[in-house]
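Dropping the structures in below, format is structure tokens.
Look for subunit A in each of the two complexes below; its partner is subunit B in the first and subunit C in the second.
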Partner chain A sequence: MIEVYILNLVIFISIYMLTSVSFNLSFGQTGLLNLAHISFFGLGAYTSAILSLRGTPFFLALLLSGLMPMIFAFILSLVNRKLKGDYFTLATLAFAILSYNIVLNSVELTGGPHGLRNIPKPIIFGLDFNNIFLYAIFTVFLTLMGVFFIHRIAKSSFGRVCLAIRDNNDLAESLGKNTFKIKVIVLLVASFLTGVAGCLYASYVTFIDPTVFDAMEMITILAIVVLGGLASIKGTIVGTFIILMVPEILRFLDISTAIIGPLRVLLYSLILLVIIYYKPRGLYGKIAIE
Partner chain B sequence: MVKSQSNDIISIENVSKSFGGHLVLDNCSLKVRRNNITAIVGPNGSGKTTLFNVICGSIKPDSGDIYLDEKNIKTLSVNRISNMGVSRIFQQSSFFPNLSIAQNLLLAIDDEDTKFVKNIICAEPLKDKEKIITDTLRLLGIKVNLEHLPHELSFGQQRIIEIARSLIKPHKIIIMDEPVSGLSPAMKKNMKNLFLQLKKNKETLFLAEHDINFVNKIADRIVLIDKGRIILDTTPKKIKNKSLFAKIYLGE
Partner chain C sequence: MVITQFIINTLITGSIYALIAIGFSLVYYVMKFFNFAHGGLITLSAYVFYILVRFVGIDLIYSIVITLLLSAFLGVLFNAVVYRNLRLKKTSTAMLILISFILLILFESFISLVFGVDIKLLFPAISTEGLYIFGTRITYPQVYIILASIFTFCTTIIFVGYTKIGKYMRAVADNKELAEISGINTERIFQYCFILSSLIAGISGIVVSVEKSLRPSIGSNLIIKGFAGSVAGGINSLLGSILGGYIIGFLENVGVWFLPSAYKDAITFVVLFLFLIFRPRGIFGDKA
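Then we have the complex of A and B:
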């Protein structure tokens, strides 16, 4: 039983890690505070669930669950051409709320508030991923690939341009950088990997409802990235472990399960506030959050 | 037949710009010559920085045309104009504050770093780039710790690093907005020698400056702007005799 508990935790940590490292690429590295990042996760989860329930092969569903959020990320990029900084963030928040409501009200396609049930777990090359051990290996493998890809971006000269855009967009343009193109690429990459994380989530829990779009989940992702430190992949990895492990303590306390959920969000918000106030660079970041 | 290169690198023709009904540039026409130092002087609010912004593409003119090497650039974006060879130094020291001096300079070398796939697959030719940086800093006679952050340098050092950045960037012309403003007399003297060195190297500079003595020592041409209009276009030798210049600029 304890093995199942640990493997379950490994799967969730991997999924959150992939989502958070992607968010760190757009927010920490490039300065795009995209509050619709969680919508990419939801879009990936729903795309995968809808396709899997209609018998689409898993790998195709996985690919499309990455590609679908990219379309929406591209639309968001167009918004960013006109709206900068806080205005862009507000637009992404509006996008997150809008996508949540669309999913909530498209009852025929998404099941509305009841969500989608009995999402099949993948069978790949004859391997049945109902086996939690196999699913954990698969999830960790995809997460490591995603993290390695983002590490390559962050350490490349392209990653340096992203940092430059975050620091001073106008100066980057005056040095000849096409900042719009770079932001589009960053949002596309982040949305693809987050969509894949959404697919991994939907296939694992086999049930999703519109709460996967919940803006409150952004607090968890924000807490991970801010705790780890902006633009630090190592920080995001450590941050994911800390943020996901801390609430596990609550399980061993005599608290009603109805309270655990809100308590978790409260705890994350508290961590976020403490870090911003006392350690604005987070654990491994070089840049203070402003 | 090969077309001979024009002597003018930038040609501004009848450019006007107003903000909220206030005319900031009034039918400005001006040519900036290749391999020359052209200085534009004028009181605060006369339109110098706006003129630079219009050339660099961050502000679009209401009317008129701007040519860079005979190509009309008035509708082009800032990054495209920059990649066509316009380097710029801003009035306020401008850096990427969380990046080291080395990283700040590396960003100026080319725009290959914006190519996503290439940069993910191939390694960056860092040694070649570092050589460009060390050679340029040697030319400017400045020694700084390249791993420092910009705010760890003195104001004078920051200004020289900005000049280094504009030289490292592939350029045809460098536009400088008050490059010696706020510097100590000793530092200004160093900067004067630096500009004379750049002049010797046949750099094309177009700068705005308030310090007339400094401008007189380094510029080939001096242009006087007032209330958005080009009033005078002359040489440093002649300028001392121009009563109009004294009246507008020095208030005499």
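Then we have the complex of A and C:
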């Protein structure tokens, strides 16, 4: 029993890690506060669920659940063309909240508030991923690939231009960098990986409802990235472990399940405020939030 | 008949959106950051008003006064405790926006914890009496909503346009450094700005709890309409924000004729997005 509990935790930590590391690329590294990041996760989850329920092979569903959020990320990133980042944040928050409503209300496609049930688990090369051990290995493998990929980007010259854009957009532009194009690429990469994380989530829990789109969940990812420190991949990895332990502790405290959800979000928001106030660098961040 | 119904619906939705838009854009106009926490304050005021009227059972006028005082107090508190210290540390507007988002979620989760996530309704719309205009019924609460909004718009515009503090606000909005040099205490002006915007949030909350069913997420949903309205009308213009709120209300009511109701919210997003891409300064704004 205890193995199942631990493997379950490993899978959730991997999924959140992939989501948060890609958010750190856009927010920590490039300074793009994309509040629709959670919607990209939800888009990935719903794309893979809808496709898998209609019998699409898993790898195709996985790929498309990465590509679907990329389309929306591209559209949203157009706001960066003329306006400064604040307006981008405004547009992404609007997208996050309104896309949640749309998923909630378009019952024929998404099942509305009841969500989608019985999403099939993948069977790849005759291996049945109903086996939780296999699924954990698969998730950890994909997460490591994603994290390594972002690590390579962050350490490359492209990653350094991203840092420059975050610190001073106009200066980076005056040095001949096409900052708009770089922001678009960063958002595309981040949304792809988040969509993949969403697909891993949907086919693991086999049941999704609109709460995967909930803007409130963005707080979890923000807490992970800010606690770990901006632009630090190591920080985000450690942050994921710490932040995801909070609900596990709450679970042992004998609190009714009805209030555990809002209580968790409340705690995360308070943690965030305290970190921004007293330790703006987080655990491993090189730069403070300012 | 259909037309009068349509006009009345547009007026009511538009008034609510315009109220939210003006409170939201007032803070942006003076302080240059998007205060998402405005939505949280609206939700809290709506719930407090609901509890006061439904369960405490005090006079309507006292409920309104208490709600407004609480809302103004909270706005001032958040400005003094959170935003002020961050401004003194020269925090960027992007981070103030992040903080305001965190506060919005904090409000929302607090309300879910205290009041529960179930839907609450103050006045069942069918049972209330109303006026008949060309055969279309408009309930008395709805008449008050429209009147209260118009009163709020006029007061705000007169306050910002013709009083001394309003003049200082416009000076700070125009150029903060220059205003400081000429001896204006900008922190105090920010404080006044927050009081005014929180009072408007309180009024919006009362209006929302009269007209709509309450959920903890209602504030974050409505504030999107509010800022779509301010962006469409021109975020640097208070009058523009008001008209923008009515425009969003109008387009939503037009949209339900052509689109399935599930996609009603898509209209708001498309309008907001198109304005951000093609005309960021809005219809009446002078600069982006």
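Basically, the second predicted complex is superposed on the first by the 290 of 290 C-alpha atoms of A that agree within 3 Å, B and C clash if a C-alpha of one lies under 4 Å from a C-alpha of the other, contacts with A are read in each partner's own complex, and residues count from 1 in each chain.
Please note the rule applied: contacts are C-beta pairs under 8 Å (C-beta built on N, C-alpha and C of every residue); 3 or more make two chains touch, one makes a residue touch a chain.
Everything numeric in this text was worked out from a predicted model, so none of it was measured.
J.: Have a look at subunit B and subunit C on subunit A after the superposition and call it: clash or fit.
T.: Once both complexes are aligned on subunit A, subunit B and subunit C fit side by side.
J.: In the superposed arrangement, which partner chain does A:Leu134 touch: subunit B (first), subunit C (second), both, or neither?
T.: neither
J.: Considering only touches as defined above, state whether A:Leu283 meets subunit B (first), subunit C (second), both or neither.
T.: In the superposed model, A:Leu283 contacts neither subunit B nor subunit C.
J.: Determine how wide the angle is at the CA centre of subunit A between the CA centres of subunit C and subunit B, giving a multiple of 10 degrees.
T.: Placing subunit A at the corner, the angle measures out to 80 degrees.
J.: For subunit A, which side has the bigger count of touched residues, subunit B or subunit C?
T.: Greater contact footprint in residues on subunit A: C.
J.: Touching A:Gly176 in the superposition: subunit B (first), subunit C (second), both, neither?
T.: After superposing on A, A:Gly176 lies in contact with subunit B but is clear of subunit C.
J.: Could you tell me if A:Met216 is touching subunit B, subunit C, both of them or neither one (first, second, both, neither)?
T.: Second partner only.
J.: Between subunit B (first) and subunit C (second), which does A:Ile242 come into contact with in this model arrangement: first, second, both, or neither?
T.: After superposing on A, A:Ile242 lies clear of both subunit B and subunit C.
J.: I want to verify one number: the closest Cα approach of subunit B to subunit C after the superposition, in Å.
T.: Superposed on chain A, the two chains' closest C-alpha atoms are separated by 10 Å.
J.: After overlaying the two complexes on chain A, where does the subunit B footprint on subunit A coincide with the subunit C footprint?
T.: No residue sits in both footprints.
J.: Can you tell me which positions in subunit C touch subunit A when the two form their complex?
T.: 33-34, 36, 82, 85, 89-95, 97-99, 101-103, 105-106, 108-110, 112-113, 117, 216-217, 220-221, 224, 227-228, 231, 260-263, 265-266, 268-269, 272-273, 276-277, 280, 288
J.: In their shared complex, at which residues does subunit A touch subunit C?
T.: 31, 33, 35, 75, 78-79, 81-83, 85-87, 89-91, 93-95, 97-98, 101-102, 105-107, 215-216, 218-219, 222, 259, 261-263, 265-266, 269-270, 272-273, 276-277, 289-290
J.: Which of the residues in subunit A end up touching subunit B in this complex?
T.: Going through subunit A, the ones touching subunit B are 149, 152-153, 156-158, 160-161, 163-164, 166-168, 170-179, 181-182, 185, 286-287.
J.: Once bound in the complex, which stretches of subunit B touch subunit A?
T.: 56, 58, 77-79, 82-83, 88, 90, 94-99, 103, 106-108, 111-116, 119-120, 124, 165, 169
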